[in-house]
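Here subunit A shows up in two complexes: once beside subunit B, once beside subunit C.
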Partner chain A sequence: MEKNYYLGVDVGSVSTNLVLMDEDYMVCEKLYLKTSGHPVETLKNGLMRMAGRFGSSVKIRATGATGSGRQLAGMLIDADVIKNEITAHAVAASSIEPNVRTIIEIGGQDSKIIFLKEGIVYDFAMNTVCAAGTGSFLDRQASRLDIPIEEFGRYALKAQNPVRIAGRCAVFAESDMIHKQQTGHCSEDIIAGLCEALVRNYLNNLAKGKNIEEPIMFQGGVAANVGIVAAFEKILNKKIIIPRYYDVMGAYGAAILAKEEIERSGKETCFFGFESINDNFDVKSIECKDCSNMCEVIKISSNGELKACWGDRCGKWGALPGKVSIRN
Partner chain B sequence: MVITFPNMGNVALAMQTLCQSLKIPYVLPGRNNKATLQIGSYYSPEEICLPFKLVLGNFIQSIEKGADTLLITGSCGPCRFGEYCELLMKILSKLGYNNLDFIVADLSSEIGIKEFMRRMSRISAASPISRSDKIKALYTAFKVVELCDKIDAMAYHLAGYETNKGECKQVLNEYKTKAFECKNPEEMMRLLDFYKKYFENISTNNNKDPLKISIIGEIFTIIEPFSNFYIEEKLMDYGVSTRRTLSPSWWVKNLILKPIKMDSKDINRAAGEYMPYAVGGHGRECVGEAVLAKGYGMDGAIQIYPLGCMPEVIAKSILPAIQRDKDFPIMTLIVDEVAGEAGYITRVEAFLDMLQSKKRHLKVQEPLVSRPVTVRCLGNHN
Partner chain C sequence: MNIGVPRGLLYSKYHVFAETFLEEIGAKIVVSPATNKLILDEGVRYCVDDACLPMKVFHGHVSWLKDRCDAMLVPRFIGIKEKEYICPMFCGSIEMVSNNIPQLPCLIDTPICSTQNYKLSQWAKKTGSVLTKDENKIMAALDKALQRHGNSKTGFNDEGYPLKIGLIGHAYNIYDKFINMDLKKKLNGLGIGIITSEYINGADIADEAGKLFKKPFWTFAQEYYGAAVCIIKTKKADGIIYLSSFSCGIDSVVIELIKSETGDFPFMVLKLDEHTGEAGFDTRIEAFADMLKRRCGIGHNLS
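After this line comes the complex of A and B, so read on.
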């Protein structure tokens, strides 16, 4: 019998991830691509690579989209479920470790902490106004020090005397790092200091007054940074679990949610195959001038035909005939 | 004299009616939008809170439409609101708007009843109608805001129960648009009566068990929808029933009751355990509302405040304790001049997912993921 597969996509600020999951919740293929500011192209590219590898030999039974670009991604692949990344990450983590109590998720632009009890999310927090400590900031520091980001964490482990850096704010942290570098500290000590500062900032910002209980899972791109992981273990004095597919957990969660949704509803998938990726998608945003709300309306068209609109408060654009309703 | 006032939820509708009854020329502030915020933040001090930026934006836009008398509520209270009027006067005069008249409605308990009456008489003097009609006008204006708040509350509550999806939101927007077009108080009252009846008779499904959320926090940012990304309307889209105690009519009633210390007694009593003192703004009300919300049958609460709002920052630090003690989820959203809505939507959606799974879990013991990856995994831990 032909096996069913589920596709999950996570379009984030920095990376666009795709996961192809089989019926037994096993990851058959994962892709981690840099969004590089072009979510549509990156996603198309990812689907093309999936198509190249699996072609029409797999039957996609359901698709799910998540990440900050989930509306757009959901539109492009006609996703059966569009879910926020917090829920997607929680679902993915508790599938792998049903008893997980704390999820630390640090991505390109934001960081989150999710608390679970008996498989139920009971609290979460997301960084508010500051991006210090997220992937983008680490990327920037790595390139400033001319160290490949993959190597960055390892430098921290080699430190003898980590320096003290203010992690409260990305700008302050950078000034501090430059100051330390000009006083002659070695890169290893500075990077280790930075990792600790960022972890302290993360805990201070997101986990204040909350109990961080084990098992603790660390996912998102930054989990690849061994320096940050070591700093977490040192400061929390607890063991951190890094799941095998830490970098695509959001997409994995979206695939699981898609499977559950399609099984619950018993519907057929809306996914129209990898080949549809050749469709020419065009995204435009206009400022509606019909009233003083001046909503920013996003219009998506495919091959010259308007497919969806969103962003309007009155519902006038979203309700245009023949258009797909984005919500629900 | 051409009077104008800040746009703050239903306050604008009450003021519109008042000016119409008093037969005083007025400039209605346009709905807050990106342009208002842009103008406001450009001329505001860097560290001021969001409401100030919007108020300044409103005033500049209204002055350009011909307003020369600015009415603003004042406060000698301990939060930044206390410096709003002085700052507004200074900024506007630096911008070269020199012939402006400011009428600052401070609390009579703070400036004395005599001074209060003197300030109010400046508006009153511009009105040609009789004294008794003026009192009637004031009463009608209050009636208008009270009705508007009531209709809003019904719409927000019924959104969770409506049979025709989206009806409540659509009708709510329809009545707001029409209300701003009303030419006289009679027309306004007729319109509001019509919509009140409309919502009373709207088709609902009472078998539904929607999520119910309390909106708490800083008063301006919760009653002026532009400042909170229209959160109540968004929640309507998700079929969530919301409740909010703080409203313009609540505020007026509260101010009247304040001198005899009868203001928001239940809220203050509820807050007492966690915050026995007023900390400025509506910090204590926020805490009290959080404590009371579960008793109202709410599933969770969302606290909203402008970045840097001191009273709400204090309240926020107390909310985790209430969350723990009452097993009642509370999420905080901090708003400022940010265009990216995505982060807010993500938080709201995740919060709703969380409440929903908690609610389902209470009914049947169903975990987040119905089937774990491998049976082995489950076996190990049981």
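After this line comes the complex of A and C, so read on.
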């Protein structure tokens, strides 16, 4: 018998992730791709690779999109559910560890902390406009020190004497690191100091006054950094669980949400198959000049036919005929 | 004589008063339009970089009006209640606009302190003298303005939504649909109604603010803190969103004070700044809505 699968995509600032999940919530395939500033191409590329591996032998019963690019992704795959990252991460974590109380999620541009009680999100916090302590910053420091990002964390573990780095601001942290390096501290100690500074900054920004209870799950691309994990364990003095699919938990959550949505509504999926990725999607940004708001409107068309618009404040573009409603 | 009234800062709170007064003494009023991209861009261009967003927006409104009126009303707000003050930026707003924006018309910048009637009369006489020498006319205009102001009601108290949140924050953030990216519409679209501090009993607000170890200097700080605590204690709403502009000093204190009282009550701070990208804003609002729905057991069970 043909098996049912669920597709979850998470289009983030740095990575675009895809997960193919089966009826039993098992991850059958996961892809972690760098968005590299081209969400549409990256997503297409990901779908193409999924199609190459599974082709038409799988039946996709539902799809879900999340991440900061969820509207765009949701449009491209005609997702059955489009959800924010907080809900997606919480759903994914509690399906792996139903008792999870705290989720630490650090991605490319965002960092979040989510508190759960009996499987329900009861509080969360997200970093404000500042990106200090997120994956992008670590990426940048790794390349500045000429160390592959995959190795970065391991350097921290080799430190004898972590130095103190100001972690409040990415710009200051960088100049602080340069000062330390110029006075002769070794890379290992500086990197370990940076990891601790970022964790301190994260906890001060997001978890001030909050009770971080176990089990604690650490998700997002930065969870791969053993230096950061060690710094969290050291500062919190608690055990950190890294789920097996830590880097694609958002996409996994989107797949679970898609399954629940389709089971609840009893509808057929809107997904039109991996073949649709061959469609010629065109994303254009225009500045609407009809009023003084001058909204930056995004127009998405497929094979020359306008499929969706957003970004307008008045709703005129969003309500164009033929437009698929994608806002929640 | 055309008198310009910038639609910024405390306009939403006091426009009925200001407009009635000016009209009654025979002025023709020109109000700048609702904030738009042009106004924001102009404001950012003229204003000092480290001022808050509402102050930049105010600069934009002043700039829009400068060639469209003969004089402009930019009162120097000092206080509304005895021994209380408002944000010090308001005190310096006249110097900021007059030094930053070139070729301004005459500014009507008489200090306004509405703590006592005679102070308000002084303001009225001085402001009114720009247009008329008839003191009786001015005093009649002031009476009418105060009366209309007293009868006007701002604020939201939505009914008929499955969920309700208290939306707390400065009026110029809550009522400016452009800078808050039409937060009310977004929340309503997610099935969430709004209640604002105007709909919380004033005596209860004062009562809660009075319980603090020290009464805050700022009128608005007391109002927002008191309103938030009332909502938490009386469960008038399912959660609170505090709308704050980046770098606001008063908010930084009020938010911490509220946090010390929230306990398990859902509370979220939304920060506003020049960015018009809505993705981060939407993520927070949607996640907050999801959280409330699940906590209140509304909607489908997702987990």
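Methods note: the second predicted complex is superposed on the first by the 327 of 328 C-alpha atoms of A that agree within 3 Å, B and C clash if a C-alpha of one lies under 4 Å from a C-alpha of the other, contacts with A are read in each partner's own complex, and residues count from 1 in each chain.
By our rule, a contact is a pair of C-beta atoms (placed from the backbone, for glycine too) under 8 Å apart; a residue touches a chain by one contact, two chains touch by 3 or more.
Just so we're clear, the structure is a prediction, and the values are computed from it rather than from any experiment.
A.B. asks: Taking subunit A as the common reference, can subunit B and subunit C both be placed on it without clashing, or not? Answer clash or fit.
C.D. replies: After superposition on subunit A, which the two structures share, subunit B runs into subunit C.
A.B. asks: Output check: A:Y25 vs subunit B and subunit C. Expected answer is one of first, second, both, neither. What do you get?
C.D. replies: Once the two structures are laid over each other on A, A:Y25 reaches subunit B alone.
A.B. asks: Go through the superposed model and pick first if A:D290 touches only subunit B, second if only subunit C, both, or neither.
C.D. replies: So A:D290 meets neither subunit B nor subunit C here.
A.B. asks: Touching A:I86, do we find subunit B (first), subunit C (second), both, or neither?
C.D. replies: It touches subunit B and subunit C both.
A.B. asks: When the two structures are overlaid on chain A, which partner does A:E151 contact: first (subunit B), second (subunit C), both, or neither?
C.D. replies: A:E151: touches no partner chain.
A.B. asks: According to the stated criteria, A:E268 is in contact with first (subunit B), second (subunit C), both, or neither; which is it?
C.D. replies: Touch status of A:E268: no partner.
A.B. asks: Would you check which partner chain A:N99 touches, where first means subunit B only, second means subunit C only, and both and neither mean what they say?
C.D. replies: Only subunit B; A:N99 stays clear of subunit C.
A.B. asks: In the overlay, one of 166-174, 184-192 or 328-336 from subunit B clashes with subunit C and the rest don't. Which one?
C.D. replies: Once both complexes are placed on chain A, subunit B clashes with subunit C in 328-336.
A.B. asks: Which subunit A residues lie in the overlap of the subunit B contact set and the subunit C contact set?
C.D. replies: Looking at subunit A, the two contact sets intersect at 68, 83-87, 90-91, 94-95, 110, 119-124, 126, 128-129, 209, 260, 291-294, 313, 327.
A.B. asks: Per the contact definition, I'd like the list of subunit C residues that touch subunit A in the complex.
C.D. replies: Residue positions touching the partner: 33, 36-39, 177-178, 181-182, 189-190, 246, 259, 264, 266, 271, 273, 275-276, 278-280, 282-284, 286-287, 290-291, 294-295, 300-303.
A.B. asks: For the complex, which residues does subunit A have touching subunit C?
C.D. replies: 68-69, 83-87, 90-91, 94-95, 110, 119-124, 126, 128-129, 209, 257, 260-261, 264, 291-296, 311, 313, 327-328
A.B. asks: Using the touch rule from the top, collect the residues of subunit A that touch subunit B in their complex.
C.D. replies: 24-26, 68, 83-87, 90-91, 94-99, 110, 116, 118-124, 126, 128-129, 208-210, 256, 260, 291-294, 313-315, 327
A.B. asks: Which stretch or stretches of subunit B touch subunit A in the complex?
C.D. replies: Residue positions touching the partner: 30-31, 33-35, 166, 169-170, 173, 177, 230, 233, 237-238, 307, 320-321, 323, 329, 334, 336, 342-343, 345-347, 349-351, 353-354, 357-358, 361, 367-374, 377-378, 381.
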